[in-house]
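Got some structures for you, see below.
Both complexes below contain chain A, partnered by chain B and then by chain C.
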Partner chain A sequence: MVETGKLSIFLAFAISIYVVCASVYGARTGKSDFVKSARNGVLAVCFLLIIATAALVHSLVNLDFSLKYVALNTSTDLPVIYRITSLWAGQAGSLLLWALILSIYSALVVLDTRTRSRLLMPYVVAVLAAISVFFTFLIGFVENPFEALPVAALEGRGLNPILQNAYMAIHPVTLYLGYVGVSVPFAFGMGALLSGQLGDEWIKYSRKWTLFAWTFLGVGLLLGARWAYLELGWGGYWAWDPVENAAFMPWLAATAFVHSVMIQEKKGMLKKWNMALIILTFFLAIFGTFITRSGIISSVHSFAQSDIGPLFLGFIAFILLFSFAMFLYRIRDLESENRFDSILSRESAFIFNNLLFLGAAFAVFLGTVFPIMSEALTGNKILVGSPYFNRVNVPIALVLIFLMGVGPLISWRKASRENLMKNFLVPVIVGAATAGVLIALGVRDVYALLSYAFCAFVTATVFTEFFRGVSVRSGRGENPALAFVRLVSRNKRRYGGYIVHIGVVLIVIGITSSSVFVTEKQATLTKGQSLELAGYTLTFQGIEQYTTDAKNATVAKLEGYKNGKPIGPVSPEKNVYKYEGNREINQETEVALRSTFTDDLYVILMSYGEDGAATIRVMVNPMVSWIWSGGVVLLIGAIVTMWPGGRKEREEVFVRYTLHDRDGTAKV
Partner chain B sequence: METILALAIALLAALFISAPFFLRRGRAGGDEYFPDPRAEKAKELGSRKDSLLTAIKDIEFDYGLGKLSREDFEELHGKYRAEAAGLLKEIDSLGAGGPADGSDIEDDIEKEIRAERSKFAFSYDDEELEKEILRAREVSWNDSPARYCPKCGNGSGAEDLFCSKCGAKLDQPTETQNARPL
Partner chain C sequence: MLKGKLKFIIAIAVIALAVSYLVYGGVKDTMVYYLTVKELKGKVPSVYGERVRVSGNVVPGSIKHGPDGSLEFSISDGGGDIDVAYSGIVPDIFKDDVEAVVEGEYGSNNVFAADVLLAKCPTKYEDTEALYNSGSEGKGVNTY
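And now, the complex of A and B:
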């Protein structure tokens, strides 16, 4: 299998080069055989990379320690599921996964456009293949996952224990699906620039694919946050770590794009802006991969370090130069078809939205690269911490939440006072009332008050929208439940979008509550002593130790009570792993977590003494579970938005009635 | 054994990629894979024309709802119409459909706009509901229709100047029109 895998990667590299050349040559000379051959080439690359990946997974599962990658990332005691997930635990495997996902997406694009967009597609295919050339080059010649060891190892180093977690098994794949997904809209944008087909086609495909990538990036970020919360044991879920930022930046840019693309669809405006945005999003996605994989900024993710950095930098420079050269070359074809008629309009709400998202992305970018730049310029690495990121991004986020309520309801072109009054009077009252109640309850934090008030405002706008739609439909004799389902299914994009907004509101409420109202306490307890915090009481029962094949664990046994009622045992652990490869983290913390709708009890065993005393840190994080449930709502909304069908049905209705019109029989 | 498998895979890939060249021999005639660039250009102009017409229709709709002042309406309407006229000229000069000579551009626009309006009125189900939802945004949601169109019976708001369904001009509300039709 190893030889087959190796050969498949080399072939995929060679064919990718061929696809770039054949596709461009065929399009320029009008020789369709070359274009068709190139399209087959894309499918062949996908097939080959599936074989290569299968070969590597086969080696990982069967623990073929003659391969360096297998020896570095697995061990005999590793369960089969984590042998499979170690495909993306190391550098070479991750890059193979990147190339594989790209090839699958490319194949889907080719299959999706068999009979369509023939002037545009050859260039799109060429751009996708060019990206594939870079990644198959990396896995073929720089970081080959099939590289053999001079002498086969007897035992592997094992998988880093903090990666042995269900969330870690799916979080990287989800993020990669997002990162790589951004390549597709970029390829369509570049294809449009190269072919001069700058009409609606590329926008239509790009919007679809960006939404797809955006969903995976967003869900991947949340899964990563959840993993950090459960596994890293410091009590939080987001630390503005460079690798977190790496995924957050393209997500921000993609969010801007999925909004502003609507203006191009509906109004033929912002063409330059959208093109620049999609280039920027792809740049940030590649830059994110670069930060994650090169280890250039040391972080908790520094297990990904290697020396592919310069190649990545070269690739990034090439992308930027080439894209913006093409952009300038076609800039005259990207003129707007419409103008702004008023500052109080949906168009301008979208522009503000875009500027804020980009502002946030820029601020995060600056904070992320500042340590590298300061080190390069002065020799001292100046770290940028959470205070910077929070100070800049919290106000931006607040304005964005406010706009999230305004944008969907304000009129296109020009909002009249009437429009504003009728749509926003009730939501503004709801928002103000929320703030009033919270002030009465003693909340004094300005940011928290604004955040809750804006969230209430947005929720009110979304609910009145659903209410309106349902009452219009049920006014025609549909029962409300059916009316609701039909309403959503007839305009999935709009109502799916609203559901996504509700998901975001839940996440924002969770983030606000858990960061403003967190309480914590640390104490050293001897047997029988108790600790009290925010209605919880924890009574220490003693230290216990046990041993498994992989680790020696120490458990602090605690009995928990909430407001006097027992909530069962609470048992934070500290683990020491046995195998050499696992000793990088010799004291791994296993948090005891009790999560409810209102708050999370989060208990960490800090240390324990010979005398049987234990130092524990207890945190009560309010409403953290809202973040995760918000993520689920967001995913549901995104699925609704992307669910196929509907559009065609509408077109049929459209055609049918115009035909009737010609017959002169259709007056209903 | 594995070498044979690897070679077979390579051969398969090569065959698959070169297939379009071999299969071509059986085919006679020229290369019709790519669409005619003139037709593509016409399509693009057509889609721009559609978006302009939609804009004009939207403006009329908004004006009908009283969302736009008369001044704004006339300014925007004039602007978009002039642009549509330019586009129609361009489409004519391409020779891709449309009367080439003799007929007046202004007449064409009028015709197109009328067609666009009737499309809106006749693609009954979804478009109609959509419009009602849009109107519900403008009119406070606990208001029942203030009156009904004399032509088609569709409910409309008190401030509406035109029927949102059939486009008929609405009179000032009277007592009899306030009765709900069956």
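And now, the complex of A and C:
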């Protein structure tokens, strides 16, 4: 198995090189046999990497401790499911996964475009294969997952217990699907630049794939946040750690792209901007992989220190130089077909949206690399932490939420007074009323007030849109439920997008509430004593201990009451894992979490004494569950948007020339 | 048309300036020096009362848990050591010998009052040596 895996990786590397050469040669000389053979090469690489991955999974499941990777990431007592997930627990396995996902995407692209886009595709295939050359080189020659130990180990090191969690099992893969997904729109952009086919085709494919990658990045970030919240035991879900930022930056750039691409589709504008944006997004995705994999920026996540850092930097430099050189070479062909008419228009709302997303990405980037930059420039290592990121990003986010309400309702080209009145009167009243009610209820935090008011404003605009669409249809005699389903299914992109916006609103409300109104308290309790916080009462019943196959657990038994009514036992734990390999953690904290629609009761057992007393920390985090449910809504919206079928692509192009409806009402 | 274009340029400039201002103000007000224990000692007394971040390895045997959940320990990096007082959530991997990162102020009583405590594992994760000397050396939180 091991030899098969090794050989597959080397072959995948060699064939990737062949694909680059054959595809470009075939396209330049018009020899379609070469192009065809390059396409088959892509499928072969995918097949080989599936074999390599299967071989590694086989070794992991069967605990082949003669392999370094297996010995470092598994142990005899590890359940089979976590033996499989340790495929992405270490460096070499993660890189193999990167290459595998890329090859699967490349194969899908090849199969999807079999007879289409003959001039563009050979170059797209070549770019994808070039990226594959880099990653198969890394796993073949630098970080080979099939590297053998000089002497087989008797026992493996095991997987860190805090990674033995369902969220940790899927969060990295989800993020990787997003990170790698960004390669595809980049390849289409570069293919367009290389082939000179700068029409609608590359934009159409890029939009589809960017949306796909964007969804996975977003969901991956949320899963990571949820894991941190459940497992790390500090009561928060986001810490602006470099590794979190690494995934957040490409997400920000991709968000800008999925918006601005609409302007190009519908109006033939912003062509240069979109091209630059997709290059930037890919750069940030590779940079993110680099940060997470090289450990260059100190993070609480400690990573393998290895030789791949310089290789990655070289690769990043090559991408930037090559793509911007190509960009400049073709810049004349990227002229706009239209111009901006008015600052009060949907086009300009999109421009501002883009500038703000990029501003946020820039601020996060600067904050993330600040320690390295300051050390290089001044010799002193200077750090900016969470306060910096919050201070900069919260105002930007607030303006973006406001624009999220404005964008969908303001008309194209130039908004008239009637358009503004007709579309915005009700939402503005709803937003202002929300702020008024909250002030009356005693909310004084300006950011929180703005955030809630804007969220209400956005929600009102989205509901207006749905209401109008449904009433136009039901006016024709359709039953409203059917009208709703048809409305959405006939205009998936538009209404799917609105559903995504509602998901974002829920997430924003959750983040605002839980960061502004969190309360916490810490106390050392002896048996029978109680602690009160935000309507909750916890009465300490004593310390108990129990043992399972894997761990010795110490539990603080608490009885919970909310406003006097019992809510059952609350039992935060400290666990000691039995297996030696897991001893890097003395005690693992297992929080007790009781999550409701209005707030989360989050209880941490800090320490316990010989005398039976326990120190517990209690947090009441308002509306955290809104973040997770917002994530589900966002995912549903994204799926609706991407769902195939419905309006034919030909019609979409047609729409581009007819969509000059000046008032921006629902098109049904 | 020129007027329309000018409006756009002004609007874009306003956004760029606003973001730059936020970044500038944010950096200026929140930046902290990241020092080693040795560097911190070198900056006495000017460093007293200034917010800094310091990293060093936890001195074995120095960890003392107070009855109320507070924590005292020392960190060292070969160039001396400092005492740290901390109260708050302690990361699971915090123990003797790990690399601790603390943020707070170094007081004139030579105790570092920390309100942030992060911990990292000292051993390099892919160090195969540890495989043969039982599994007592740990690895860090590797999430990818």
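As a convention for this text, the second predicted complex is superposed on the first by the 636 of 668 C-alpha atoms of A that agree within 3 Å, B and C clash if a C-alpha of one lies under 4 Å from a C-alpha of the other, contacts with A are read in each partner's own complex, and residues count from 1 in each chain.
As a working rule, a residue touches a chain if its C-beta (ideal position, glycine included) is under 8 Å from a C-beta of that chain, and two chains touch if they have at least 3 such contacts.
This is a predicted model, so every value here is computed, not measured.
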item	value
Which partner, chain B or chain C, touches more chain A residues	C
Which of chain B and chain C A:Leu321 touches, first, second, both or neither	neither
Partner chain(s) touched by A:Ala433 [first = chain B, second = chain C, both, neither]	neither
Which of chain B and chain C A:Leu48 touches, first, second, both or neither	first
Shared chain A contacts, counted only where both chain B and chain C touch the same residue	341
In the complex with chain B, residue positions of chain A that touch it	1, 3-4, 7-8, 11, 15, 18, 30-37, 40-41, 43-44, 47-48, 51, 118-119, 197, 199-200, 266-268, 337-338, 341, 409, 411-414, 416, 418-419, 422-423, 464-465, 467-469, 471-473, 476, 490-491, 650, 653-654, 657-658, 660-661, 666, 668
Interface residues, chain B side, partner chain A - complex	2-3, 5-6, 9-10, 13, 16-21, 24, 31, 33-35, 37, 40, 43-44, 47-48, 51-52, 55, 58-59, 62, 66-68, 72, 76, 118-119, 122-126, 129-130, 132-133, 136-141
Complex contact set, residues of chain C against chain A	4-5, 7-8, 11-12, 15-16, 18-19, 22-23, 25-27, 29-35, 53, 65, 67-69, 89-93, 95, 101, 103, 116, 118-121, 124-126, 128, 130-132, 134-144
Residues on chain A engaged by chain C in the complex (per definition of touch)	68, 71-72, 75, 88-91, 94, 149, 151, 153, 155-158, 160, 162-163, 168, 171-172, 224, 232-235, 243, 292-293, 298, 300-306, 340-343, 348, 351-352, 355-356, 359, 362-363, 366-367, 370-371, 380-385, 387-389, 391-392, 395-396, 522, 524, 579-589, 604, 606-607, 609, 613, 615, 617
